[in-house]
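Two complexes are shown next, each including chain A; its partner changes from chain B in the first to chain C in the second.
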Partner chain A sequence: MVEVTDVVCSLCGCVCDDIVVEVEDNKVTKVKRGACSVGKSKLMGHNRIKSPAIRVNGELKDCSYDEAIKKAAEILAASRRPLLYGWSSTVCEADKVGVELAEELGAVIDNTASVCHGPSVLAIQDVGLPSCTLGEVKNRADVIIYWGANPAEAHANHMKRYSYVSKGFWTEEGKKAKKLVVVDVRATKTSKMADVFLQIEQGKDYLVFSALRAILYGHADVVPDEVGGVSKKDLLETAEMMKGAKFGATFFGMGVTHTGARQNNIVNAIQMTRAAHTHTKFTITPMRGHYNVAGINQVCTWETGFPFAVDLTRGYAWYNPGELSATDLLIRQECDAALIIASDPGAHFPGESIKHLAKIPVIQIDPFPNPTTEFADVVFPAAVSGVEAEGNVYRMDNIPIRLRKLIDSEYPEDEAILKRILDEVRAIKEKEGN
Partner chain B sequence: MQTIKLKLKSEVTSGVAKIPVEVDSLTPDKLFGKTEAEIKAVTVWWGNKEENTGDLFDVSVDGTAGSADEVKIVLDGDLSRVKRIGDGMTAGEIEANGDVDMHCGAMMNGGKITVKGNADCWAGREMHGGDLVIDGDAAANLCAMYRGETTGMTGGKVTVGGNADECVGQYMGGGEIVIKGNARMLAGLNMHGGKIVIEGDAVMPGADMTSGEITVKGTVRDMMPSFKLEGTESIDGAEYKKYSGDLAMTAKKAKGTLYVK
Partner chain C sequence: MFVCTRYKWIKMGTKVNLISGRTTVQGRNLDSKLSEEYFDEVARCDLNKADLEKLGVAADESVKVNTSYGEVIVKAKEDGGTPEGIAFMPMGPWANAVVSGDTHGAGMPVYKGIDAEIEKTGEKVLHVKELMQTYMG
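And then the complex of A and B:
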């Protein structure tokens, strides 16, 4: 038995890097410290895709990697509008090959941000992001706002490691010396811990942000007695709490990116942070979901200039979420082939999108079987990044962290599979004279 | 006067995948002076491949033109997967007989486009001049900006016979938009010039506006809580409340005007 310390968790955007596990006979046998229950489950391992396979007469038939590579490359090379989607639960090295493949094919490349914090990414382009590292929040923040986020259940280590419950250099008393504001449409496990809980009406976030901005800029006189289900008295109290902060930190989640004004909610949240700057230090950070969704946004931006929903069909990068995001393309039935890697649209996309995916050839690369496997035509099992493979990822505050390899795997890494598909596509194109 | 008829062949949109054709190369400016054979050889993008116009459209040319101003393009067939109609045009006329796909009239500088149906998202995006008439409904981001830009429409006139979806005229800097029906959430968002008239209802109009004028003749739902009531004014015989805003942008920048019944 070997004890491995400083293990990095490849589950959510917290990317906890202080985990201790035990390894015996090339297996993770125990997670001793640091991981939450979902992180623990990922590290311990579960059901896997056993073999590469190709669908024949409706059934997946096991085949060799060589046969699956050939089939996948043929599908992609023949496609007039291929979609390459996923990329958030794998490492940056694989993402880089993904962008290269998209360029070679003239494909649309999109990642799970488009059904997650895509609205946040759009908003950041419009008005910037006065943010900071999670370490700064831990060591300095005395007023924490969670807006449309429920970390107690969705990012289980977030409050403990970085925000309300943590103790840092200038926050040694922990939560006793901090204030917690929670804004949500319903009471949650997180809101039960809050000093102030603003329960707003569904879809009215935008109005509440604007009201807080007007108050912070000194125009409380024009704000009506109630805004989006919140009394003016509560808004004034929240604004006073923000003004009184030594260091304020807002975190926001899906509850505000996917309601009403969507990306414009986030523009407004960032503008509220800017308004707070006329009084004190305030920061704002999205609660990113998958462990490397921030990383594919980084890689896609280095390579194409844009973070997601990038169309390379005309030989240059054209970016337009709403037009080129995977769900929109599929609802409009635009794609004639798709490669899905490290994600599960079968479980997470709207029904109309999945219906179209079921009609076109789909290639899947993933360690684990999921609903997408049910309609995939070519399936590649891959090594689990962070357990069986190493590589770079970006935490939710855009800090790069290197995943560690704990055990050996019989399966190839995502990057290796993608490189072989890319080589095969190039060989087909060369043969055809393109 | 010259009329160029382009009818999309039905096989283009009859497959399992409805792959859009991008026709920014088919404007009066770009087709002026070309023979029928030359027009058929102009390439358009269909997915990741360039195809000849004559392979995707039935093409016919009638009459002659002395300039692009005298060229009229008539588009027929299923146009719901035809993107970028009239993109960047400066002269002449385009008539689209049916629902059109995204970016119709984007970057338009002059001339006229008439859509005899609905227009999908980003119609009139960053338009600088000319006339865009949409008989039916307009989808989201009508006359708005490309992602990340801070200026949308700057000139010209757009008329929508039906309703408009979210973010009409986002970051608009000039020109005029008239919506005969209702406008959904955030019409005139970030507006810093120009004029929007909504004859029906609107939701949260004028958020973050710093200049320009919005008039809502119907009902406003979810009025922004950061506008200041300045008094009342009579427009065309009807009484309107006049607001200034948006104070969420600070008093110094809040130079927009919003008229609400």
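And then the complex of A and C:
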């Protein structure tokens, strides 16, 4: 038995890097400390896709990697409008090959940001983001706001490692010397811990951000007695708490990005943070979901100039998320083939868009069977990044961290599979004289 | 009573505002979505006690969730934290069968804030493989 320390978790955007596991006979046998229940589940493993497979007469038939590579390359090379989607539960090295494949094919490349923090990206492009690292939050922040986020369930170590419950250089007393504000439609495990819980009416985030902005700028007189289900008294109390912070940190989740005003909610959240700057230091950070969704946004931006929903059909990068997101492309029934990697649109896309995805040839690269596998036509099992493969990922605050390899895998890494598909696509094109 | 919506005629049930989101057990099964634990956790709809009484539904009985975008059968659960008039479904294939794919020019579907109608039903909750079958054909 070997004890491995400083293991990095490849589940959510917290990318915890202080995990201790035990490894025996090339298996992770125990997660000793550091991981939350969700991360522990990832490290301990699940049922795997056992073999590459190709769908024949409606059934997936096992085949060799060589056969699956050939079939996948044929589908992609023959496609007039391929969609390459996912990229968030793998490492940046694989993402880089993905962009190269998209360029070679003249494809649309999109990632899971388009169904989680895509609106946040649009807002940040619009007005910037006064943010900081999670290390700064840990060491400095004494007022924490979670808005439309439930970290106690979705990012279970976030409060313990970085925010409300953590102890840092200037926050050595931990939560005793901190204030927690939670804004949500539902009472949640997170809201139960809060000093102030603002239970807002669904979809009224924009109004409540505006009211707090007005109060922080000294215009409390224009705020009515109730805004979005929150009393003026509670809004005034929250604003006073924000003003009194030595260092405030707002974290926002999909409660804000998924509702009506979308990116406009985030623009207003950022402007509320700026209003707080007239009194004290305040920052704002999106609660990114997948462990490397921030990383594919980085890689896609280095390589194409844009973070998601990029069309490379023209021979240069074209960016228009409302037209080119995977959901938009599928609902318009525009793409005629798709490569899905490190994500599961079968589970996480609206039914309306899955209908088209189920009709077209789909290539899936994933360690685990999931709803997308049910209609995939070519399936590649891959090594689990962070357990069986190493590589670079970006935490939710855009800090790069290298995933560690804990055990050997019988399956190839995502990067290796993609490189082979790319080589085969190039060979087909050369043969056809394109 | 029946009402015409954007895509189809739907039967009137109890009107709610539908939202979807993460839960711990859903997250723990992100890589094992074909498991029973995922099915039990995600194929469900949380409602306030008052809304359950209005529907005449006890916890763990089946309900049909209808929206302009589809319909799906899930188990009802009582959740005191969910306000009256709000229905919460864990993110996953069942919630996504009834959310909107209209991105309003932003690339982002509507996963929260959907007008839905809920009614009691004796129909069975489809397992994930059966649910995915409904998209094929």
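The criterion applied here is as follows: the second predicted complex is superposed on the first by the 434 of 434 C-alpha atoms of A that agree within 3 Å, B and C clash if a C-alpha of one lies under 4 Å from a C-alpha of the other, contacts with A are read in each partner's own complex, and residues count from 1 in each chain.
The criterion applied here is as follows: contacts are C-beta pairs under 8 Å (C-beta built on N, C-alpha and C of every residue); 3 or more make two chains touch, one makes a residue touch a chain.
What you see is a predicted model, and the numbers here were worked out from it, not measured in a lab.
A.B. asks: Both complexes share chain A, so when I overlay them there, do chain B and chain C fit or clash?
C.D. replies: With chain A aligned, chain B clears chain C, so fit.
A.B. asks: Go through the superposed model and pick first if A:227 touches only chain B, second if only chain C, both, or neither.
C.D. replies: Only chain B is touched by A:227; chain C is not.
A.B. asks: Based on the superposed arrangement, let me know which partner A:150 touches: chain B (first), chain C (second), both, or neither?
C.D. replies: The answer is second: A:150 touches chain C but not chain B.
A.B. asks: With the two complexes superposed on chain A, say which partner A:122 touches: chain B (first), chain C (second), both, or neither.
C.D. replies: both
A.B. asks: Report for A:176: first if it touches chain B alone, second if chain C alone, otherwise both or neither.
C.D. replies: neither
A.B. asks: Using the touch criterion from the header, give the chain among chain B and chain C with more contacted residues in chain A.
C.D. replies: C
A.B. asks: Contacts for A:187 in the overlay, against chain B (first) and chain C (second): which applies, first, second, both or neither?
C.D. replies: In the superposition, A:187 contacts chain C only.
A.B. asks: For the combined three-chain view, what is the angle at the C-alpha centre of chain A formed with the C-alpha centres of chain B and chain C, to the nearest 10°?
C.D. replies: 80
A.B. asks: Touch test for A:210: chain B only (first), chain C only (second), both, or neither?
C.D. replies: In the superposed model, A:210 contacts chain B only, not chain C.
A.B. asks: Looking at A:327 after the superposition, I want to know if it touches chain B, chain C, both of them or none. Which is it: first, second, both, neither?
C.D. replies: Touch partner of A:327: chain C, not chain B.
A.B. asks: Which holds for A:431: it touches chain B only (first), chain C only (second), both, or neither?
C.D. replies: Touch partners of A:431: none, neither chain B nor chain C.
A.B. asks: Which of the two partners, first being chain B and second being chain C, lies in contact with A:80: first, second, both, or neither?
C.D. replies: Once the two structures are laid over each other on A, A:80 reaches chain B alone.
A.B. asks: Just how close are chain B and chain C at their nearest CA atoms in the overlay, in Å?
C.D. replies: Superposed on chain A, the two chains' closest C-alpha atoms are separated by 6 Å.
A.B. asks: Taking the stated contact definition, name every residue in chain A that is touched by chain B in one complex and by chain C in the other, in rising order.
C.D. replies: Of chain A, residues 122, 260, 321-322, 359 contact chain B in one complex and chain C in the other.
A.B. asks: Please output the residues of chain B touching chain A within their complex, sorted ascending.
C.D. replies: Its residues touching chain A are 15-20, 22, 45-49, 81, 102, 121-122, 140-141, 146-148, 150, 166-167, 185-186, 189, 204, 207-208, 222, 224-229, 246-248, 250-251.
A.B. asks: Could you pull out which chain C residues touch chain A in their complex?
C.D. replies: 17, 19-24, 27-35, 69-70, 79-83, 86, 88, 91-93, 96-113, 128-129, 131-133, 135-136
A.B. asks: Give the list of chain A residues in touch with chain B in this complex.
C.D. replies: Contacts found on chain A: 79-82, 105-107, 122, 125-126, 204, 206-207, 209-211, 213-214, 217-219, 222-224, 227, 260-261, 264, 267-268, 271, 275, 313-314, 319-323, 332-336, 359-360.
A.B. asks: Within their complex, state which residues of chain A touch chain C.
C.D. replies: 11-12, 37-38, 41-42, 46-47, 114-115, 118-119, 122, 150, 153-154, 156, 185-188, 191, 199, 202-203, 254-255, 257-260, 262-263, 308-309, 321-322, 324-325, 327-328, 330-331, 344, 346-355, 357-359, 367-371, 374-375
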